[in-house]
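Note that subunit A is present in both complexes that follow, paired respectively with subunit B and with subunit C.
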Partner chain A sequence: MSTEDAGRAVPVVAEDWNPTAGPDPLVRAKHGLIGAQVSRLDGPLKVRGEARFAAEYVMDGMVYAALRYSTIARGRIAALDTSAAEDADGVVLVMTYRNAPRMQPPPLFLTDPKAAGGSDLPVMQDDSIHWNGEPVAIVLAETQEQADHAATAIEVEYESSPPRTFEEARAHPRTPDSLVGQPVEVLVGDAEAALIDAPRSVDLTYRTPRHNHNAIEPHAVTLGWDGDDLIVHDASQGVTGHAWTFAQVFGIDEEQVHLTSPYVGGGFGGKTLWSHHLVGAAASKLAGRPVRVTLSREGVYRLVGGRTITEQRVAIGADDDGHFKALIHTGISTMTPHNALAEQFTFPARHMYATETLKTDQQVVDLDMLSNSFMRAPGESVGTFALESAIDELAIELDLDPIELRIRNEPDKDPSTGLPYSSRHIVDAWRAGAERFGWAPRAQPGTRREGDWLIGTGCATATYPYHRFPGGAARITLDKTGQATIAVPANDMGMGTSTTQTIVTADRLGLPLERVTVAYGDSSFPGNLLAGGSSQTASIAGAVISAQRALVKQLLALAGDESPLAGLTAEEVGGRDEGLCELADPTRWESYAEILNWAGRDQVTVTASASDPAEMQAYSMHSTGAIFCQVRVNAITRETRVDRVLGSYDCGRIINAKTAASQFRGGIIMGIGLALMEDTNFDERTARIMNPSLAEYHVPVHMDVPAIELMWTDIPDPYAPAGARGIGEIGITGVAAAVANAVYNATGRRVRDLPITLDKLL
Partner chain B sequence: MIELTYARATDIDDAVRRATGGEGRYLGGGTNLVDLMRETVETPAALVDVTGLSQEITPTADGGLMIGAAARNTAVAENQAVRSGYPMLARAIVAGASAQIRNMATVGGNLLQRTRCTYFYDTDGSRCNKRSPGEGCDAIGGFNRNHAILGASAACVATHPSDMCVALAALDAVVHLRSASGARTVDLCDLHRLPEDRPDIETVLEPGELITAIELPPPNAAERSTYRKVRDRSSFAFALVSVAAALELDGDTVTGARLALGGVAHKPWRARRAEEVLRGQPATESAFLEAADVELAAAEPLADNAFKVELARRTLAGVLQQLTEGVRT
Partner chain C sequence: MPMMINGREASVPADPRVSLLDFLREHLELYGTKKGCNQGACGACTVLVDGERVLSCLALAVQYEGREVTTIEGLASGGALHPLQQAFIDDDGFQCGYCTPGQICSAVGMVEELRRGVPSHVTDDLEATEIEFSHDEVRERMSGNLCRCGAHNGIVEAINHVYAEERA
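And now, the complex of A and B:
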């Protein structure tokens, strides 16, 4: 047996391993399916319509819910008449604050590892109103149509005060407690003084608008009580957190909530716990019947928080060669006193460029609105718009190629923490991307024309941090046929997580794909995982590393004295060819099935917790990318269309080339929407969203999406499980700046407030 | 539940009889009316389905074209006589909505589609004089980027959303009507009203009056005509501004022009002032811009839509320039 062949067995990690002790053995593996194009394993099920989503579950005796939303933002319910609704055909219950059961407010994100509340406002507990769209009543009826109709028959009168406007509130900003657990302010040296002293500088303000979630599946939940146990068929991107948060609100044990969410039609940060979950469960309790709550598209806008507006200052001081002397990124966003997310748009500036001095800081103002929340790459999406636009502006000021300017400021360690990077190959990504795109010195702005269209090119850096959250765990069940099932409380909103983890687990255990089943989307599974922060790929892989060790130890204990594996320790073996072998001598091999059969066992089950994410403290870990685009702007009407986009990424190892490409591509399309059209019309007179529909809230249509080319370095991160840093969010980052920079190149007009609509270019 | 009756008309007389005297509405493809019913903007007591009436597209004696009101938008856009004789109409239709919607929507229904003003749609949260006359208009001080710059009133600043109607206005189309009291015709340009103090009354149709057909006069300057729609994304968005234009030239001199603007007013806006100014002028960009300026001199932009004046000016002049050069956009 050749040395190469011996290396096919994937070793087991040592006791108490964490990634800082050495790379996940899978990182070194050169064989297997990792990196191949694998179609989603649940694809056929979805295409056939057999994957059941939250609003498709039927429970015995189920009734249908409709919600009534407030039409004021601030004040109280002065009069409420539900009698006509109660008398309407088919109505089972009308619940308002008057008859709602007492509930604890949902614990807010970040207040506990499992807290999933987008807002910690009490839900339907008194007559006060806090945002325009707050649910004031829920109607249960025998059919959806009866419920919808009865909800319109409720008469509500309000006493209202004018909502605070951004312009008023901005005079009194506050500093948030943290930015998703990180310090709000980061200072290295005196950046303001360095800016003044710098021979070359830009100091600019950028603005981004509100955005709302528009997953293809509107939020829905089907739930019912069995005594004090709550059964929930949910659309969730955090099943453990949803179950735990339900339990806190209703004062029951976490184990009494049985929550599953196997199929979800898009999450993007929005499929977390919102008030429809809680009023639905409360009404179900009152009515004594299971309930299905299906939000309308408008309902999603009323109840599910989106992205805040931002106003950002980016100032860069540089020497004549473009080396940064000062980098300042500060700004303001909006929040409510009841949410935890300020939109950390200053994060990219902390990690991306070498600079002698650095200052990042954020403030917030409180408005009378629905709590804003996670939306794909919260922070980095809009933060890279400002930062990467400013770098383009500096490059023009310096008459320097913008890629060269970025490479000149490539740091050798993290500028804010001083930590080494775990793995950073952005310069490779820039160079490879530039070659593929055909990046060339740009024409003077406004000079390149094809017919009526002005042509321009632009580029920008993409970046998103690596996350692996504590608390991950995995259960592996191996049966005597050699079939392995891993159970993780993970979530797959369509990204392909279950397929990806099937690949990783199969390669790790030495099994073919069809010998591995990934069970997920069930709150009863051990550990805590959230499909957020691009964390799941590494988090699940990290848990399976530990579970594999536990499994191998148990298998070796079961292997008999006659086994070829007799006497070997876990450190001495690895998985290959549907069994275990000695690493030093792969001919000492026994199949999983034989081990179990010899031991007379039908199956073996192990559960293990992931190591703590010590790598995040030891290293600066970030995915990066280089975005290139070409736009055309009509010389007469100033319509902007994107002609081409290329994304060249450095995200560690890519597990599944097919689903990864879809993730990048989807993120880039969302980035085109961010650049050119997404804009929540929030009427400040009433704090009401005026375009709560896909007709009026524009996202890109097919014709807005050009050919998108993708490439990646595929260099494994030695400190990330499976070598993968996660790719869910990075696709949207950098895109808006690349488009804005290309629009400038096409027209000579710099647009610093999104979206770039034609009126800003006339 | 909101009770309503539904009947499928067998012919024009049957349709008119069923709708007369009641709170009935004629139902075409339902692509707008059914949406409005879902949102409770409209709550008709009776629906008279007229999709079974004439869908024929037939030549008229004088060389024009008669289009049955039940013809689907797609059928009109794909009709060879339309494509060759009235290309701006085919272009306008395919610039609107999506293929699925165009397959359903009828010509008669398209004429009567209602504004997409978001305050009009917001039945429980906003005031709207078009929905509830005298209530007030929340669009005037609110989001009005998509609203009217011409012919609006203190009561209403909504725009008419149709693309097809803009082309029909420029084509001098005639609308054939039937009611219990008989048949009559109305020029398309006179079908829709400006809002004045009654924005709830959108057309000159009498209660129960039915659109039976659209008549197009013989083709004229088809080879030098087009429809240009400017919007925020490349499909499935209403016009910020649109232009339907046909230009007649004798050498370098404009001998005639038929121009209409969309997205700017409560009705498809026939730009007769610009047409008059252009007649006899040299076909130059400066003449086109001047004509646009004359047409737009009466514009009264709102807080968010001042750009439409410049956009309409540029688009109108740009389209005419392209037609002069013989290049269709």
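And now, the complex of A and C:
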């Protein structure tokens, strides 16, 4: 046995291990398929059209649902006539507040680890109306066409009051209770005074509009009751949370809800629990029939909250060399009294730059609207637009290269908390990216022209925090053929989670890829995981570390006196070549199959919980990156095209180079949308979304997307399970600023109000 | 006259309101064809009718008597994937997989349009009998198929790998 073979054995961690006690043994050496290009394992099903999504399950006796939405934002239903709808062909039930069963309000996100409600408003319980688009009736019928037709036959009259507008309400903002659990205000020194005293400064206001997720799969759920048990085929990015929240609303035990969601057609923060789930389940109970609710595209805009508008102030004071004396990031967003997300756009300023003084603070105003919600990198997406645009503006003020300005302000510890960084190599990412992109001193704005096109380049920092949420667990079943099945209540909306975790688990247990199955998307699996906060890769890996330890202990107990492993403890062995070996003497090895066969066991099953995420308290943990882009702006029409984008990232270890690249690219493309076109048009007079369709809400299409170059440092984070800090959200960050900075370089026009449409450049 | 769907006969529905998309999904349980917007804006429902790409959400099933419809389920022959299906896997031309059947069907129809010389917004020579395969032609012609996961690079690479290289 060579030393190289011995090195391939991944040690088991100690009993009370957490990442602060030492690196995950898996990251000490890179081997196996980690970092390789592995095609997603669910690919064949998806390209054949055989992956079943929520609206594609058929239940016996199932009926189809159609919804009616309010056309006012605030007031009450004054008159309601459902008789024509009830008499229409095929109609099984018309449910309104008059006959809806009593339901508890859905527990709101962040109020409990399993709460998944996007809003805690009661659903269809009285005649009051709280937002324009609130569901006022649900019709069940034998066919979708019958349900759709009957829904149009319901007569509704309203008494309405004018909705509060942003312009009125902004005079009386409030301070939110927290920013996703973090303090709202962070002060280091007196930043306002330091700003005044600084020899060089910028003090600017940036605005971003509302956005909607627009996953191509509209929200859908197929569900039915079996007595008091609820069976749900859902489109969910948090199966455990959805099941628990259903249970709270209907007053049943969590175990009485069985919710699965193996395939989800995009989420981006939007595939959480909204009112269609609840009226669907209530109507199903009332009708005694299983129900399928598929929201229309307009319905998704009416019932699923998007991203709030923001108005942000970024002020930076610097000395003549560009060193920050003051960094201020404050602003305002909109919310409702029924949700918990203020869009934490000031977070990047807290962690990214060395500064003598710092001030970040946010306020909100409450509007009569559907609760705004998490959308890819809530906060950092739009916050980096403001911060990284302002840094570009300061660089121009100082006549300094914007990369050099950022590097000059590279902090050696977290500027807001004083904590050490777990692993931070953003300067490496900047330098490597600049070389690859061919970053050169930029021409004066508006001076580089090719034919009718003005050319410009821009760059910006990308950043997103590391998260590992408490509550993760994993169940491993190992059978006597040596096949391992990992069950985790994880969610894969296309991030590649199931493939990535198969790679990680195979390496940890010393199994080939085909010997590992990752089962996910099922609320009956142990633990609680959420596809949010870019947390799943680390959270699942953390749970599997604990489960591996439990598995090895059980296997060693089963191994007989004759076993080469006899007498060894878990800490003394590791997984290798489909079995366990002693770390000190790898010739002492026995296969998993042999251990089980000797013990006469068909299989062993263990379940273990992840360690608490102590690393998040001990270290400042953030993924970072450098975004470079080149745009051209038509000198006549002022149309902007993005010609080149390079993302150079430092996100810890990259597990699967193929699916990771797609995560980065997907985020960057959403960032191009954020920069140039995405805008949910909200009529302040009626508080109604006026472009609830993919024809009028523009997302980047093929012609808008250049070939996107990527690179990464691939330096494992010693304090993250598997060394991976998460990559799902960082892609969108920094991109809008990089584009805006490039548009300025091309045209000399600084756009501080997204999206950068051509009218703003004329 | 019956409709032929993936080589099998199907009788059109009695309810004339049923779209071709809902007919495929709800009547025949061919759920591979996806509903993304139901208003012709996203391309997820693209199928091939007599070889041409059609948005099945904007088509009424009763109009398609006697026509030959191919859905994503009909592209693979037996166990073997269509070369474009395999290329989508190899080039990671999708993430969630929801727009994927529409992208693949659309690309198959799009390539035929190039061969027939059907011009696009970016075509320079409007009289060409066959349009040259190019990065811009592919991107322009695929722009009716939205992908929100941002797999555009992989999709275009997959199409290039199968069709541009086939022509070279």
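Just so it is clear, the second predicted complex is superposed on the first by the 762 of 762 C-alpha atoms of A that agree within 3 Å, B and C clash if a C-alpha of one lies under 4 Å from a C-alpha of the other, contacts with A are read in each partner's own complex, and residues count from 1 in each chain.
Following the convention adopted for this analysis, a residue touches a chain if its C-beta (ideal position, glycine included) is under 8 Å from a C-beta of that chain, and two chains touch if they have at least 3 such contacts.
Not measured: the values here are computed from a predicted model.
Novice: First (subunit B), second (subunit C), both or neither: which does A:Thr152 touch?
Specialist: First partner only, subunit B.
Novice: With both complexes overlaid on chain A, does A:Glu571 touch subunit B (first), subunit C (second), both or neither?
Specialist: Neither: A:Glu571 stays clear of subunit B and subunit C.
Novice: Between subunit B (first) and subunit C (second), which does A:Gly666 come into contact with in this model arrangement: first, second, both, or neither?
Specialist: In the superposition, A:Gly666 contacts subunit C only.
Novice: Classify the contacts of A:Leu676 with the two partner chains as first (subunit B alone), second (subunit C alone), both, or neither.
Specialist: first
Novice: Going by the contact rule set out at the top, does A:Thr71 touch subunit B (first), subunit C (second), both, or neither?
Specialist: Once the two structures are laid over each other on A, A:Thr71 reaches subunit B alone.
Novice: Of the two partners subunit B and subunit C, indicate the one touching more residues belonging to subunit A.
Specialist: Of the two chains, more subunit A residues are contacted by C.
Novice: For A:Met703 in the superposed arrangement: first (subunit B), second (subunit C), both or neither?
Specialist: Both partners.
Novice: Considering only touches as defined above, state whether A:Glu50 meets subunit B (first), subunit C (second), both or neither.
Specialist: After superposition on chain A, A:Glu50 lies in contact with subunit C alone.
Novice: For A:Asn132, decide between first (touching subunit B), second (touching subunit C), both and neither.
Specialist: In the superposed model, A:Asn132 contacts subunit B only, not subunit C.
Novice: Now for A:Asp479: first (subunit B), second (subunit C), both, or neither, which partner does it touch?
Specialist: neither
Novice: Considering only the contact definition stated at the top, list the common interface residues of subunit A for subunit B and subunit C.
Specialist: In subunit A, residues 145, 149, 693, 695, 700-704 are touched by subunit B and also by subunit C.
Novice: Which part of subunit B faces subunit A closely enough to touch in the complex?
Specialist: 1-2, 40, 116, 118-119, 121-122, 124-126, 138, 141-143, 145, 230-237, 240, 307, 310-311, 314-315, 318, 329
Novice: Quick one: which bits of subunit A touch subunit B in the complex? Just the residue numbers, please.
Specialist: By the definition above, subunit A touches subunit B via 71, 88-89, 132, 145-146, 149, 152, 452, 636-639, 641, 676-677, 681, 683, 685-686, 688, 690-691, 693, 695-696, 698, 700-704, 757-759, 762.
Novice: Help me check something: in the complex, which residues belonging to subunit C touch subunit A?
Specialist: Touching subunit A: residues 15, 17-18, 22, 25-26, 29-42, 44, 71-73, 76, 81, 85-86, 88-90, 92, 94-101, 104, 136, 138-140, 142-156 of subunit C.
Novice: Looking at the complex, which residues from subunit A come into contact with subunit C?
Specialist: Contacts found on subunit A: 39-40, 42-53, 55-56, 58, 143-145, 149, 213-218, 263-268, 294, 296-297, 493-496, 658-659, 661-663, 665-670, 693-695, 699-705, 707-708, 731.
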